[in-house]
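Given below, in the form of structure tokens, are the structures.
Next come two complexes, and both contain subunit A; in the first it sits with subunit B, in the second with subunit C.
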Partner chain A sequence: MKGDKMHKLRFPRRVSGWSVAKKTAVYVVLIALCLTFIVPYIWMIVTSLRTETAYISTGFTLLPTNESGKLEFHFENYTEALTALDLGKVFVNTLIVCAVNTVANLFLNSLAAYAFARMRFFARNGIFKVCLFSMMVPGTVMLVPNYLICDFLGITDSLTALILPFVMSVYNIFLLRQQFMGVDKEIEEAAKIEGAGVFRIYFRIVLPLVKPMLIVLGITTFMWNYSNYLWPYIVNTDPSLRTLSTSLAELMGADYDLTVKLAGAVVVSAPMIIIFFILQKFIIGGTMAGAVKG
Partner chain B sequence: MKAHTGQKIRRNAVGYAFILPLILYFLVFQLAPMLIALIISFTNYSLEHLFDYTFVGFENYIELFTNSVKYPMFWSSLKTTFFYILLTVPANIILALIVSALLNSKIKGEKFFKTIFYIPSVTVGVAIMVMWQQMLAPDGLINQIFSSNVDFLNDDATALTVFAFMSIWGGLGYNVLIMLSAMKNIDPSLYEAAEIDGAGAVQKFLYVTVPGVMPTIFFFLVTGLISGFQVGEQMLIIYGDTTMVQGVYTYVYGLYYTMRRSCNYAVASAMSYFLFVIILVISLVQFRLQNGGRLLSRRKKKEAVANEG
Partner chain C sequence: MAKVSLKHIYKVYDGKVKAVSDFNLEIEDKQFIVFVGPSGCGKSTTLRMVAGLEEITAGELWIGDKLCNGVEPKNRNIAMVFQNYALFPNMTVYDNMAFGLRMHKVKKDEIDRRVRSAAEILGITEYLDRKPKALSGGQRQRVALGRAIVREPNVFLFDEPLSNLDAKLRAKMRTEITRLHKRLNTTFIYVTHDQVEAMTMGDRIVVMKGGLIQQADTPQNLFRWPANKFVAGFIGTPQMNFFNALLTRRQDGGLDVRTEGFSLTLTAEEACRIDGAYTHGDRTVIMGIRPDDIRPCAAAQPGKGFSAQVALVEELGTQTLIYANTNESQLMTEDSPTAFCSAAGEGTGISPGSIQQFSVDTSKLHFFDEQTELTIKHRMPVTYAHCTVKEGKLSILGSTVPLPEALRARLADGTYQARIPEGALCVADKGCNGIVAEADCTGKDEYICRIACGNEWVFLKHTGKCEKGDAICFTVRLDMVDWLDGADVVVKGMEQTFRLEGKFVRSGKFRSREHYIELDGCRIQTPFEFNQRMYDCGRTIFKRNLAFEGDENSIKITPEGTQAQVVELLDYGEAKYIRLKLGNQELCVKTVEDVRPGSVTVTVDVGTLKVYDRALDMLLF
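== the complex of A and B ==
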């Protein structure tokens, strides 16, 4: 800001003329790039409301029209997609997995994170380091081993298999631990002097202080479970246990009109995109929190 | 003395009560699976040998590496994966640098652009694939725009490039978010000094911005390598667990094929371990390069504290 002013003072004319042209160019590039993001989504929504014959005969239109260019909304694509997805069942499955995993993650991860941040016990640092090392094992590598253990435990083809392997996250423990370490110790010590027990201090005093981080991690955990495709695909083959992602993949490979497939994609992706626009601050905050750690 | 030990026991008990779920989770869903997979990788455990499997030593690994009749796609899938990384990692870094620099040039609507670019990151992966599959179809939007007739996803010449493009497109929002915040952390006085020296926008970008975000570029390089080696999910969504398009047969796609189609759990375990070794090497090299300096300074700090005490 300051540098800009200095610059303008020295070369008032040249800079202003040049910068207007430059700014325009920047906007043109950015808006063009923006279109490559917006157009596919508009295309998806518009096409999902047309008939396949209309789509093939006229190509891309900004509004859902029929062959002769008249506005026409074919919502029956959506009813067909809902049936094909078995949406009622699939949505409940997804919601159960997302809700249980989110709540369990927040509770169990924060317990462990608090212990690592504040308590002193035998082999604390050793245990923490082993956990950190396990973060280096990527999800793809864990797929087959996790399948084998679920098979061993006899929980394949169940919702439990979608929950238990992701019921905690070392990565989230790491992020929460950083948060707890930033909490002023004096607050806890004052509570201790007043006679509050460890669990009381943790629940009533410390946990509320890291609420923003809990919200961020809650949303990211929920969203991750919502869109997770690979694990449900690997571990569950029973159609009645499908989640939104695996059911949509099934619809995608089946013999339906592209309009119906796109309607299915809109139905499945819309909730998360809407939540994103409402809770943008937290979701972007979560991305940043995850990346800063590196 | 006795009270002291009692206190210690209590302290340990409370601590372990807090991490008990983690210990259980770690043992059952991290350690045990990895051990079981390691053991299985030395057997012939598969659909044909579910109950009568035997130990075969390193045979699975040796056959994967050397038996090109039994595993014809092993080396070529690694090559495909490597191509994919070459296509995505540099492009991701360069695009993130350019777009972030544009957004950082004091324009209006920075937040708007960031939000739009981020939408794919919050779109369900399978839905994105449905969208692109239809747009890339011979009668899809892309062919309509260029009035061409290419079956992008089923043509060996274009398929991998198209997957790379989809990944770059989908990742831009996240990358820009990280890169832009790194750019905003660059000391403004560096730009002032460059301006006084007569540097133009391009020179400022090359000599101030890029060196200033070097750690982030390094971060993208490492995470790009790690996630690049894991590519395969998108192909699985588009083609199912078997495809005629050999150009998209990545290492991890082969892993899914072995797991779900051949149900050869032993070989799938061996493949998982080989992937793990690759990624572990990348992680360790990164750790060495990045934390070498930092660890040293932390040790020095510790020594200083110890000396003070």
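== the complex of A and C ==
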């Protein structure tokens, strides 16, 4: 245009072959990794919608097809799996165990973490170090002592036995303590001067500030309890107290078609996958926050 | 509204590190007091002790008429504004401001009224629904102020509230806080490291260094009468110039001041407040001159100025700072003992490198001891007076009195110099006579009077109206006077307190347990109340090396009690003293009784003793 400052015309810069190759290599690796994780799950879903004979005759297919390659959905596998799992009862049991454990775990561990971070008491650092050392002991080693304690308390064959031994987690205490230590002390002092007591400061001021970490720990604790298999299998023999993981294990060992077993696996894993997708931004955000602060 | 008293406050960390030492301060109701000092001087620690956020190691904190040691912060009726605002990030501005009131269960309507009224005062009404992260630094600071205001506390505490703001905003907030103080009319305690903030805001300023109060006074008095070199250097911009100097008293009472690069002459009036012990020309002192008191001039009068080479000129608009040196060879040397800064008006036309004459306002010079760095030019100086002893008579300040019995054996006939401390001079109906030459008002109806007594100056404190030219009559308490022959002390004045060193011990089993002060060679049994106060100092009290300080009321000669030896009787006429040996320690106390040399029994009133921890040099109670 007239009067406008003249500019030299330029074509966009050419992308070099080397950078294209680098990008392609990255994408290939990422896609390969993605497929490695996702293909087994797709296979599981697809196979759970087929008949066992179709699966044996054609092997792996991307879509649920019958022996002649025609698309066919066999939802009766799911009906059978739900009956075999006793889903209603088992799901309620799992929900109770996971919810109660998560709430109690977060409440008690955050209290302990706050005490370790802020309160001044005799041998505070010593006690905390002892707690950290207990993390070195593998969880499996604790199975027998835990069982003996539960037996002594008379709580075997009850949902309490699935909750009580796991309400305290040193890992959660450690992470929350780091978070609490990162909270500006002056905020708490301001609240103290304003007239708030220790618990009021804890609940109204400090806890909301570590909410992202609480959400992360809530999700991971819930997931851990949801997929916990060995302990419920050992401590509970009563079929009415089964959780999803033990019930699924029983289904796997029973005389059912593979497609029914896979339908059971899909049913059991679906809630966790849905929860993960809904809350993934908190999980990633919270983990990152912890990493930077720590 | 409340008065705050800090009495012998100490803060010791881990039994070793002293953060605050013997902090004594009376803060009047509605006063704006500023704690100022460099980083790590203990100012914030002291404020936090007032707030209740730090435990007090020793001493008493009174807010109003309530002893607040160990009282929870919420029950002290204080509000605090923090350096980084300390707003609750998860709450809105409204909730932040209302938080304290909700904690104190104030009614909803009242909370709303107070929050909106405070928001109106601070101009933050439109931000009430916002969260702190959506506010700027200045707005956050206002919210923090608002949170303090709504509580309507007795005392406001500010811990460097403006240090996170930029220079322009800081100046604005400074005036806002000052205005707020006038509006709220309550006690403010403000901590800062910025001396400009301190000087412009405070009614009184407490200058601190190394956990100790260096001086507590009004901004003007700190500027005019700094207690030591640190205060002199800390207060005032640009900083005071310091030179090493020798002082020599002249016949006419004036002083010759000799420094490395120049000499000055002080008149008798200008020199009258300088301690006489430093005016023999044999002790190096530090002379301080503020840049405003060294002015460039065309030609300086002899003894009132000097010439120097200009190193650097800084034009600041209305002011020009001239950096010069009396020693040309050290012109560009940093920390040269002969370098100085002069503050002149605008447009001096002085260029670097030129030789310039400077005149000094010799009435505004400051002098400090070289070792202790304490001022030797006092607002209320010690009076030095010439006196003559002849045939049992003492002539002092124009009056002649019989020489007291206690001095007769010690002062031979001759001429002496009497060093008369502040408390030894009292206004009376008869005694020495003088004319008030200067009456310096130091407070309501309180004056420091410079009295012309013959050709000597006497300084005394006077309560009540007093003017230049008034005739005044006063007496001298001879027992408190130091008698000097040249620079040597011939007889020292009597101490009004005594100090004993020992330990606190207990013996016997639980039910029949008894407690004592164990001195070297004797024991004094202690009553329950005293023991309880000792126990309050902690379990280590029995291991500590202690010192016990008392006065004339602390020890009495009684028919029964602890055995002591009378070493000497000192009769000053109106006042009588006895030198006692208690165990293996000597002490001197005033007495009204007639005692003969030999063995006596005394009773120590331990309730009146002050107890010190000798290792920490800390007053326990």
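Definition applied: the second predicted complex is superposed on the first by the 263 of 294 C-alpha atoms of A that agree within 3 Å, B and C clash if a C-alpha of one lies under 4 Å from a C-alpha of the other, contacts with A are read in each partner's own complex, and residues count from 1 in each chain.
The working rule: a residue touches a chain if its C-beta (ideal position, glycine included) is under 8 Å from a C-beta of that chain, and two chains touch if they have at least 3 such contacts.
Computed from a prediction, not measured in an experiment: that's the story for all the values here.
Q: Scan A:38 for contacts with subunit B and subunit C and give back first, second, both or neither.
A: first
Q: Scan A:235 for contacts with subunit B and subunit C and give back first, second, both or neither.
A: Neither partner.
Q: Between subunit C and subunit B, which one touches more residues of subunit A when both complexes sit on the common chain A?
A: Residues of subunit A touched, subunit B against subunit C: more for B.
Q: After the superposition on A, what does A:81 contact: first (subunit B), second (subunit C), both or neither?
A: Touch status of A:81: no partner.
Q: Is A:120 in contact with subunit B, with subunit C, with both, or with neither (first, second, both, neither)?
A: In the superposed model, A:120 contacts subunit B only, not subunit C.
Q: Touching A:200, do we find subunit B (first), subunit C (second), both, or neither?
A: second
Q: Regarding the shared-chain residue A:208, is it in contact with subunit B (first), subunit C (second), both, or neither?
A: It touches subunit C, and subunit B stays clear.
Q: Which partner does A:191 reach: the first (subunit B), the second (subunit C), both, or neither?
A: A:191 contacts subunit C only, not subunit B.
Q: What residues on subunit A does subunit C touch that subunit B touches too?
A: none
Q: Would you tell me which residues of subunit A are touching subunit B in their complex?
A: 1-4, 6-7, 22-23, 26-27, 29-30, 33-34, 36-41, 43-44, 47, 56, 59-60, 108, 111-112, 114-116, 119-122, 124, 127, 130-131, 134, 136-149, 152, 164-165, 167-168, 170, 173, 198, 223, 226-227, 229-230, 233-234, 244-246, 248-249, 252-253, 258, 261-262, 264-266, 268-269, 272-273, 275-277, 280, 283-284, 287-288, 291, 294
Q: Going by the contact rule set out above, which residues of subunit A touch subunit C in the complex?
A: It is residues 184, 186-187, 189-196, 200, 204-205, 208-209 of subunit A that touch subunit C.
Q: In the complex, go through subunit B and note every residue touching subunit A.
A: So the residues of subunit B touching subunit A come out as 11-12, 14-16, 18-19, 21-23, 25-26, 28-30, 32-34, 36-37, 40, 99, 102-103, 105-107, 113-135, 137, 139, 141, 144-145, 169, 174, 177-178, 181, 188, 191-192, 195, 201, 215, 219, 226, 230, 232-233, 236-237, 240, 252, 255-256, 259-260, 265, 268-269, 271-273, 275-276, 279-280, 283, 290.
Q: Considering only the defined contacts, which subunit C positions touch subunit A in the complex?
A: Of all residues in subunit C, those touching subunit A are 51-53, 73-74, 78-80, 82-84, 86-90, 99-100, 103-104, 147, 151.
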